[in-house]
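Listed after this line are the structures, all set down as structure tokens.
In the two complexes that follow, chain A is the common piece, with chain B as its partner first and chain C second.
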Partner chain A sequence: MTHKEDLSDINKLISDIKQKKLITSYEIALKTEEIVEALISKRNWKHADELMDLIKLCIKFCTECLPQEATATNIMRHILKVIREEFEVVSKKKTEIQSLHQLVTANPNDVLDYTTPLKDLKMSLLDHLSEYKVELETSTDNIATQAAEHIHTNEIILTVGKSNLVEKFLKNAAKKRSINVIVLEQAPLYQGHEMAARLAKANIQTTIIPDSAVFAMMSRVNKVIIGTHTVLANGGLRAASGVHSIALAAKRYSVPVMVLSHMYKFSPIYSASHKQEAFNVMASPANVLPYSSGPILNKVQVLNPVFDYVPPELVTLFISHQGGNAPSYVYRLLSELYHQDDYYL
Partner chain B sequence: MEEQKIKQYFLKIIKEEEDVSIGVAAIRTLLEIIRQSKSETVQELELILKDAINIMKNLNIPVAGITSGCELFLRFITLTTLDASLKEVRARMLERGQMFLKKLNESRNKIVRIASDFILDGSSILTHSRSRVVLQTLIEASKQQRQFHVFVTISAPDDSGKHMHKDLEAAGIPCTIILDSAIGYIMEQVNFIMVGAESVVESGGIVNKVGSYTMAVCAKEMKKPFYVLTESFKFTRLFPLNQTDLPAEYKYNSEKRKNIDLQKAHPLVDYTPPSYITLLFTDLGILTPSAISDELIKLYL
Partner chain C sequence: MSNKSKELVQKENAVQAIIVVDTFDDEFLPLSNDIPHALLPLVNKPIIDYTLEFLSLGGIEETFLFCCTHIDAIKQHINKCVENAEEWTQTMKVNVVVSESCRSFGDCLRDLDAKGYLRGDFVLVEPGTISNINLLPLLEKHNKITKIDKGAAMTLIFQESGLGHISRCPKEEVLMATNSSGRVLFHKKLGTTRERKIEFPLEIFLENSTVSLRHNLKDTHISICSPAVLPLFSDNFDFQTRDDFVRGLLMNEEILGMTVYSNVLKGGQFGGAVTNWRTYQTLSHELKNNYVYPVQPSQKHNSFLKNDVIAGQNATISKSAKLNNVIMGDNVKIGENVDISNSFIFSNTKVEDNVTISLSIVGPNCLVKEKSKILAGTVLGKGVQIEKECFVEDALVQSTRPDELDSRDVLGKHAFRLVLDDNEPEDVVDLALARKLSRLHIDQNLGEESEDDGFSESEDERSSYTHSPAPDDTKLFFTEVIDSLTRGFEDKLQCDNLILEINSSRYAYNVTVKEVNFFVIKAILIMSLRQPMGPQYFSQLQRLLQYFVPILKNYLRNESAMLDCLQAVEDVATSNENLTEKWVMFVLQYFYDKDHVTEDAILKWYSTLDKKSNFHAQVKPFTDWLQEAEEASSSEDE
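Up next is the complex of A and B:
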């Protein structure tokens, strides 16, 4: 089998993401899981090592084509860990993760040989993956049900742009409490307008303000609740452009910043990892300055970056389906999600 | 082994093998003691090792590295000890000890690999004193054709920065030596700070050559990332609350401890609290300071 055939599914996934056929991270996550599941069940692999190499190849391919897209690779990286775990269960051997303790106690005979063929591995892997799929599907609801723990009556919540997860979270809170939501419109795509419309439809007190008014409004805000594109390994965020200034304003007024995030958004990547230019994407400048603007187009340079880096000091809490965690705890979540050997491929 | 022999063996490693850190040299000495020991019981062996550690600590060499390395090794001995005859136990200790040592020797390469990715083209880096792992990381980044500039402090009182400067120049890396008092002056020009550590304490802070704390406070104020490169065998069970709380054996060499009023002596190391450290690059991966206590708890539970 050639590599091209090997990766045709992944190729499709990448082009779907690029052409915006898959827009939300949730869609990407589900699709990726399906692809890997199909790969495990249909492909003729002989042992865990071969399968892992195949998935690693997919990850490398994805990172190369879409360096900013962390969801797909995170799902695959997590499945690598699932394979390692299932292998240990089926073969009844155990390894310890790399730690100071392991450094001291390791035995030379403890190294696992993933090339041992195991009959039951495929079945138990598929079982595990269907469980994982349910986890993905229920993640949004699980996060949303925590809303009442974090939002109190008559609080003023500030959010930005459009996020399905934040929308569900706020609606859930509004079922039990009366809340007041301020939505930043998020120029130049103005996705905040749609978000505000949806919240208003659910009978939530909603105010929409321009991005520039964030500092003026912050003094009366009780909580900032936002979504993010990726959570980086140091607890920082790769979030929508403009979030950094919101977080700074929140810090100035000591307003807590809560970030809602699915587990698959936690990425073992640091912002300063080599290829810094891969951090951001530039969107079409037409939204900032339309092509119909005339002669000024030749005279100015128009930039429309998509992402902001938000340092971990500015984030108060991450809320995932496992509950709330501080940014300093992200490393721990990562070690539960992924195997250390798969962090950097 | 008698006292004199232990001293000789230990000092010989330090003198002849420049690349070996003090902790590893101490561990190698302890392994050699096990090999030659004629002790009858494990307990006796442990006593002999503890005596040897005390001997090494009194040789006018920075104690921080020796303490953490030996502590880890003693833990290793405890965890290896089995219900078997001492002869078997000793054989196993030696075998696993060699493996342990091999891992320690590999750890620096691991750090170099992950840390050199953080050195971007066109960056300016500030470093303090001389650290072997920082030096190798810089050399590795330069081998990957990255262009960057390094500022090195002279680092009184032993002027170890001069040695670092010489090594960097030999590797063809553009570098400038600065006064220790010029840390504040230079800070606005650098992108980040990269230092080594003599030991990493339980809070996630570090004990390092005096002046590191000054640099970290300065870096925090000017919002520059402060990176620490350190091997995991330097993790120590110590929780200093402030500078005076650091053990005297860390701060002053053995000769001073015996002869001089410590109020009047200059400390050799200082303690940098975790809040000033951005990330620690270790052979266990890139860790935030809070991850350190996790690792230590797992080991000494």
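Up next is the complex of A and C:
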């Protein structure tokens, strides 16, 4: 029974995500951080191990209920790493710079015992988390300020669907340079329409094209800049359906594909990870073939996948608040973000 | 329970919903004897779970689950869900309200009104509803409407669904007229009536500048209600169902001062309810095809096999079994060379070798022994055992012995055919029709051919129907007119009263003005023919016509009426061969002289006659005389 009580906050988070009260990944990230912060400050935990078990339980529960939602679990996974680091710092066992020699000669039995209760751990954790929160809050701006480095004057940029991050990035670029943006409408939800309207409002030269026209337009495009749902461990993307074809067209015309991503979108999972539910979600086919279309619906089965898998070789660059990274470097970012032991829970 | 749910209860303006769990009908017999409707498995998950999941996703915070039968089973199920911390229990508080005395949907709402649980606008969900609608915007919209129209009692939620779609259960066909703000002006469920003709009151077109008539809708069985709905149910004891309520409100709009609005869902929003086996089947189909996303059957629990086959946990299926579009529950055992198509097999059922099952529902814990055939619309209740080489078609089978039993209905030790008695004789036709419509369900799925045939057939019927009125009614009208005229002549009644009488029968039989003219004249002429054809005849006829002058004056007002009159003359003359030229001449002369018909009308009518016919020759002398007279008069004028 205690477990169930423990998870009520997480349950609330999950139902909020399901009910679409939290829509953007940014909102989910902030909320998750707040929940974990509250969990650390209010709960009665005796030592780091207990706290980590609690968070691990939350992660497991989250992945079970929302197998496709990576943001919340990534935030929690990162906090696990934070706890480990802080524990080492507070217990003063941490050697700041690990040389290769130290790694090799280290005694394998010399593992940290997280069950040692530490008095200052809570305070230092909360300090670190408030820093982390600031990092989350400024992440979007940090990414957007890099726009001028990547976009040059009179370039034609192609983007797809709606992404707050991409929108801010492009607007920032437009402040200093004159750019031309082509937006794909992204059927069947047509979120591209809203994106185009917002860009046009900011006085950016915007053209909206249907998804099918992407190959015809690609030859004139200088850069493809997109957002993504998740960055997988191999540098591939789980992005909105339709992005794969764009990336392929870009490859054909050697147009660089830049993916804007917050750090919390980098996940240690693969497109077919162990113990993972289906990679994709099938949404209601009603948006593809309206429910009112009549007898045809009796005879066909319509699949409406939400995501596309984009292999890493189609991505040129990831832009996070730490700067640009190639897909082959994602493994390194992951090891900075999360502890090896927490990759698969 | 956590503190959260306590908070929820105390929250003053929690969004509330009512689910009525009982269907109060026998659609699901014999299964509904053992399993409550709410717990019927739909793709291996109880229907109520879908409903609760939908409500919690839709933003509802407090739900009243009203049940009258199988109370313990439902309570147990809800408690189990709470214990397992199902997702919906986190955001929604479910109260089970029990009343064993309720006999209808309306009774339940009256009971709830008495208990006074509901505070503001609420969502009313009929039994078996499955949907993925976000309810909050709809509640908001309803709230906005009530601010403009204080009398708005209910918003009905509909979903667009094209003709020929399987989700359109013929029993639930809806025809609706709304004005531009979505107010329902006319609402009719077409399914259970045999009426082939629907009349819209003229006022709805006179009072509204735009009226949309919709037949492309499917009822989602979800409605947003104002607090006034429950007292309205209490005040009107004859409201048994929600449809009664809507009908009552529309009929007594002026008296009650209440209005009903409608809302049609857009995009990926879906709604529907399991009300009979047909809708059970369509909703299974739609759940399988993800139309209710994000409400889904459990992916973990079910294995999705090829050929549209879904199996629950621990199902044993032999390799030689041929399965097509089957949904199976847990622990189902399928033997060798079994052929199952378009059917539902519930949990713990064993199907032995060489059995054929098609278009049927096999309940839980059943045993179907070797070489049996179960076909076309059969429903096996819980625990039925079908003996070896048994053949069952279109039957309801239960395992317990019913009280009254015909020896023909015994199929085995644990298999008895269930015969439903239709209690009210005057409703037999309707009930049987309704039953057929809700049963047919699976048959129509057989293939496109039958479906397309059904479609075109119905269209033909419709078009032919508009061309020729139903003959029976007009014939009845005619005999009635003759009766009243004869009686009027014999009893020397006032002609004005006779006119009234004819007019009222005109409305009763729904006869057009043209037909009235035609039949009245024909009736008078036919009456005259009852007299012997002697020298006295013409004076008799004259007396008769003289007596009915006010009637003739009343009906023969314009040229088209005169043409009808002349047609009647033609009709009588051609159908009675012993009528001579003299008779025709006399009648026409009489009508002409008394100004009942004008010269123009006669000539116009004459020109339409078939020149070769005998009748044409009979009329010719008269028209010749007319034309001569006219020439003479015109030459005189000059």
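Some notes on this structure:
As a convention for this text, the second predicted complex is superposed on the first by the 330 of 345 C-alpha atoms of A that agree within 3 Å, B and C clash if a C-alpha of one lies under 4 Å from a C-alpha of the other, contacts with A are read in each partner's own complex, and residues count from 1 in each chain.
The rule is simple: contacts are C-beta pairs under 8 Å (C-beta built on N, C-alpha and C of every residue); 3 or more make two chains touch, one makes a residue touch a chain.
Keep in mind that this is a model prediction, so the values were computed, not measured.
When the two structures are aligned on the shared chain, A:Tyr331 is found in touch with chain B, with no touch to chain C. Applying the stated contact rule after C-alpha superposition, one finds that A:Ser293 touches chain C and leaves chain B untouched. Residue contacts after overlaying the shared chain place A:Lys46 against neither chain B nor chain C. Once the two complexes are laid over each other on the shared chain, residue contacts for A:Lys119 go to neither chain B nor chain C. Using the contact criterion defined above for the overlaid structures, shared-chain residue A:Lys18 touches chain C, although it does not reach chain B. Residues 98-101, 103-108, 233-235, 270, 272-274, 276, 328-332, 340, 343-344 of chain A are the ones touching chain B in the complex. Listed in rising order, the residues of chain C touching chain A in the complex are 2-4, 56-57, 59, 85, 87, 90-91, 132, 134, 159-167, 216, 267-270, 289-294, 299, 445, 448, 451, 455. Chain B meets chain A in the complex at residues 72, 75-76, 79, 96, 99-100, 103, 114, 117-118, 120, 225, 232-233, 235, 278-279, 284-288, 290-291, 294-296, 298-299. Contact residues on chain A toward chain C in their complex (touch as defined above): 4-5, 7-8, 11-12, 14-15, 18-20, 65, 277-278, 282-287, 290-295, 297-299, 301-302, 304.
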